[in-house]
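When the chains are written out, they are named A, B, C and D in that same order, and each has its own residue count from 1.
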C-alpha cells in the first residue's frame, strides 16, 4: 500500500525560454515526515519548489496536495487548503508589529469584511480577541515574547525567520514548505529554529518539505532526503545512505579541498 | 502625534477664519463646500494610495463620470428625445453592445472546448472587430438622429439630484471595477500611465458625445438638493444673505456625507481589514502566501476609492450648476488631489482631510494673491518706464499651477510623509527596502 | 490613383512625422527610466520647453536684424538644445538629485516629476500666456510637391517635415553607435542593468546620470521643435503627446532604446491608420458598391485618436508585460 | 606594512551605527576572512571600506592612504576590487561586456588581463557572447570575480562568495580564491560558511555587534573552543 502522501508531484516539467529547468520530475512527501530536498545549483530545486508553492505554473505534469489536484493554483488558494510556506529571504510585514504579523494570518476573520467592520462591531471584536490570544501563544512558543510589539522590520534576520515559522502555526496547516531556513541565519539561532521545526513536527504533527543547502541542518532534521540534479530526481533516501552513493558524491558533495582541523 | 494633528487643525481653522474676514462670507462658504467635496475625493485617493499603494492618475475621469451622473439624473426630461426614434435606436445599440460582449466572451472561452491556442487568438481578434463594427452600425445612426437640431441630446431623468450622487458613485465604481480587473496586476508606474490614459479617454468620450452630455455646449442649470439662493431671496433674504444661507445648507449636507464616510473608513482601517491592507502593501508576495487574495483586495480598494471620487465629482457639478466636460484638466482634477494627499500625509485619513482643505485654500487664494503681486510689480515697472505687465488676470490663474508644483516638490523633500504622517510610520524599520520581485523569487 | 496619393499624404507622411516625434520623446523617457528608474512625467513639458526656447531664440535672432529665406528656428536649434540640456540638468540638481541622495523610492521621484510638470506648465503659461505662436512669422512654410502621373493630387510634405525626419534618423543612428561602441555608452547600459555593481566597478554614476539627462533633454528639445515646426508653438503642445510617448517607451520595453524607436513609429502609424478614412480608397469603386457601405469609414473618429496609443499599450501589457523588446523589470 | 587597515571604524546608514569599532589589518599575501552572526556588521564592513556606507569615526587606510568615505569610482583605480553578494553581474550585458566593465577605469590595453581571467575561469571563454543573466549561479559568481579582477586590484573583497552555491561549487570557488591570492592579490572576504572559509584563511576576524570579538589566524580561530561553540555550531561538521 502506498504511504499516506501529502504532496505528490507527478511528472512535472517547466522550461524558461527553451531551457528546461525541471523535466519529468516526480517526488512525494509523506504525512508526518520532514522531507529534505537538496541538489546542486541549477538543479531545478527552486523551480520545483515554486511550482509546489503556486508561484509558477508547470508546463506539464500535476501537483497533488492531500489527494486533490492543485496544479497552478495561486498561493492564497493553496493556503486555504492547508499548504503554507516560508521564504528564503524573510518576507516579514515590516510595518506591522511582530504580533500583528501573526494576527494577520488566520483566514476569514470577521474583521476582514468591510461590511462587518461597519455593522457587526461585536463580532469583529470577539474575533480579534481570539486571534490575539492565539498569536500570543505562538509568540511564547517561539520565544519572541520580548519583541512582540516591535515592528517586524526592526527584528534581526533570525527573529524574522522565526516569525515566518510562527505564521505557519496560526492555522492548522497540513504541510509547510521551508525555503532555505538556514540561509543568512547564524548557528545559535539556527538551533532554535531547527528545534522549533522538530517540536512542531513531533508535538503538533506538522509535515515539512525542506529545501536546504546547509548539510548540518539536513542531517539533523530530514528523513528522507531527495536529491535533484538536472531538473529531475536523482535519488531518495536517508542522508547517510546518500553520502555513500558515488553518483551523488560526484554531482553534489564533491571531494573536500582540505579537511578542517 | 495627536497634539500635532490638533495644532494643525487649529491652524487650519484660524486660516479659514482669516480667509472669511479677508474675502467675505459668501466666498468662504463656497470655498468650504468645494474643499469638502475635494476632501471626499482625497479620502478616496488615500484609500487607494495610502492604504493600498495603488497608483491612480485617472481621478479626473472618475470625477467626470460623477458629474455626468448628477446631470443625467437631475436634468429635466427631454420630451423631443423620448418622442423620437432615439430611445428605440439607443436600445438597439445597447443590445448590439451586449451581443458583441457575448461573442467576445464566447471567443475567450473557446479553448475550453478544445480549440488550439493560436486559432483561438485569431478568433478572439475577429470577435472584437466584428463586435465593434456591429456596434458602430447601430450607434452611429442613433447618434445622428439624437444630435439632430430638433432633439440635441438625451436630456435627464428629472429625478432628485442626490440620486445622481449615488449613481455617480456607482458608475465610477463600475468603471473602476473594469479598469481594476484589467490593470491592477501591472507594475505601479505602468498603472499610473494606464490610469492617465483611461482618464484621457473618458475625457475625450464625454467631451465629444454631444448626444449624451451636450459636449462643449455644456449643460446648466443642474439642480441643487437644498434650496437655491433665489429661493431664499423669494423668502425675503438680501442677496448676500441668500448666498450664505443657501451655500451653508449645501455645506452642511456635504459635511454630513464627509463625516459619515470618514467615520466608516476610520473604523475599517482600525480593524483587521486595515491590518490586512497594510500587510498587502508591505509585502504582497507574503500576503498572498498567507492566504490573502491580493488582487481581490486591491480591487476592493480601487473600487471603493473611485466611488468616493465619483460622488465628489457629482457634488462639485451640482454645486457649480454647470457641466462643461472641456473644463476638466489633469492638473486641476488629478494632480491637485495627489498634492492634497501627499502634503496631508498618505495613509492617514486625518492627514488627507487636512491636506485637502489646506491645499484647496492655497490653490484658490494663490490667484488673487498673485494678481495683487503682479499689479504691484506692474505699478513699479510702469513707474520706471518699462511698461505695465499685460494680461495680469490670465497670468495669475497660471501662477497657482506653478505654486502647486512647488508645494509638491518641497513637500516630498522636506516632509515626505506629510503633515500628519501615518500612525506607526514614525517608528520606521531601519533596514533597506527589499529588492525582490516575484520574478526574482523564481530564479 | 488620386486616392492612393491621398493615402500616402495622410498615412505615410503623417505617420512618419508623428512616429519620429514619438520616437525622439520615447527614447528619452526610456533612458531616464533605465538609468534613473522612474517614469519622468515632465518629459512632455521638457519638449514644450525646448520648443519655446527655440521660439525665443528665433525672436532674438530676428530682433538682431537677421533674416533668411529659411525660418530662423533652423539656425537656433543647436543652441536651443544646449539650453534645454542646461535646464534639465538644473531641474535634476534642484529637484531630483536631493531626493535620490535621500534614497527615495522611484514612486517618490515619479510624483516629484509631476510637481516639475506643473511648475514648467505654470511657468510657460505665466510667461507666454495660453495663446499659440508660429515659427513661420517671417517666411512661409515651404511645401514640396511631387506630382504623380494619373493623379489629380501631388504627394505633398513640408520642408520642416522632411528635415525633421532626416534629423531624427541621424540622431537615432548616432545614439546607436554611442551605446554600442563608446565606453560611456556601454557604461550607460551597465548602469541601466545594475547601478550598484556599476558603481563598484568604478563607473561614476553621477556622470552617467548627467549623460542621461543630456541625451534625454537634447532629444526632447529636438522633438518639441520638430512638433512646433510641424504645427504651432503652444503651452500644452507636448502634454497631449505624453501618453503616446510613454506608451511607446513601455511597448518598446522599458530601458530598450531600439524598442522605444520601433514602438514610437508603430504608434505613430497606428494612430494615423486608425483615424484614416478608408472610405476614400473605396471611392473609385463607389458605383459598384452596395448602398449600405458608408462613405465615412474610419476605424475611430478623429476625436478619439487619443485612445489608439492607449489600446496598443494595454494590449501589449496584457499579452507581453515586459514590452516587445523585453525591458528591465525594476520594481 | 598592511595593505589595508581599519582602525576602530564606526559607521552605518545613518541613525544607529552598525559598526562600533572594527579593527582589521591584512597584508597583500593574506586571505582575511570575516565571520560572525547575522547583523554583526560583516557585509557592512566591506561596504564601509568601499565607500558605500558612511564612516563616522576611525580610519581606513589603503597602502597607508586614508580612504574613509571615498567614492567607489575613486577607489577602483587605486586598486580595490569588490564582489557584492547578490546581483553581482550585469544580466543583459554579455559575459565579455561584463568583464570589460571591470576594466572601465583602465586606460591601458586590457587584453592580457582578459586572457588570464578566461584562463582562470575556462567556462567564461566559451560563453563570452552569452548574456550573463542566462548563466547558472556558479558561473555568475565566476563572472563577478572575473569582473573584479579585470581592474587589476591589489585587494579583492568578496561578500559571501559561497552563498547559494552547492558544496561542490563552494570548493571550486575557494580553490580559485586561493589561486588569486597566490598571484599576489590580497583577499578580504565575508563568509557564513565559517568553517570552510577559516580553513583557507591566514587572518580571521570574528565580529559581533559591530566590533571585533576575536582576531587571529584562521587556525587559531578554528581551534578556539569558545569561537567554535558560539559561531561554528558545536563540534566538527557531520
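Keep this in mind: a contact is a pair of C-beta atoms (placed from the backbone, for glycine too) under 8 Å apart; a residue touches a chain by one contact, two chains touch by 3 or more.
Note that the structure is predicted; figures quoted are calculated from it, not measured.
Annotation: A-B is the more contact-rich of the chain pairs A-B and C-D, by number of C-beta pairs in contact. Note: the chain lying farthest from chain C is A, by mean C-alpha position. As a whole-number value, the distance joining the C-alpha centres of chain A and chain C reads 50 Å.
A straight line joining the Cα centres of chain C and chain D is 45 Å long.
For the pair chain B and chain C, the distance between C-alpha centroids works out to 29 Å.
For chain D, the set of residues touching two or more other chains reads 87. Residue positions of chain B touching 2 or more other chains, listed in rising order: 430. Taken residue by residue, chain C touches two or more other chains at no position, since every residue touches fewer.
Residues of chain C touching chain B in their complex: 38-39, 95, 98-99, 102, 104-108, 110-112, 114-123, 125-126, 129-130, 239, 242-243, 246-247, 250, 294, 301, 303-304, 306-307, 309-310, 313-314, 317-318, 321, 329, 331.
Across the interface of their complex, chain C is touched by residues 50, 52, 71-73, 75-77, 82, 84, 87-93, 97, 100-102, 104-105, 147, 151 of chain D.
Taken in their complex, chain B has these residues touching chain A: 264, 267-268, 271-273, 275-276, 278-279, 282-283, 285-294, 300, 304, 424-425, 427-431, 434, 436, 438, 441-443. Residues 36-39, 136-138, 163-169, 171-172, 174-175, 192, 195-196, 198-200, 219, 222-223, 230-234, 236-238 of chain D are the ones touching chain A in the complex.
Across the complex, chain B meets chain C through its residues 55, 140, 182-183, 186-190, 192-194, 196-198, 200-201, 204-205, 207-208, 330-331, 335, 338-339, 342, 391, 394-395, 398-409, 412-413, 416, 433, 437, 439.
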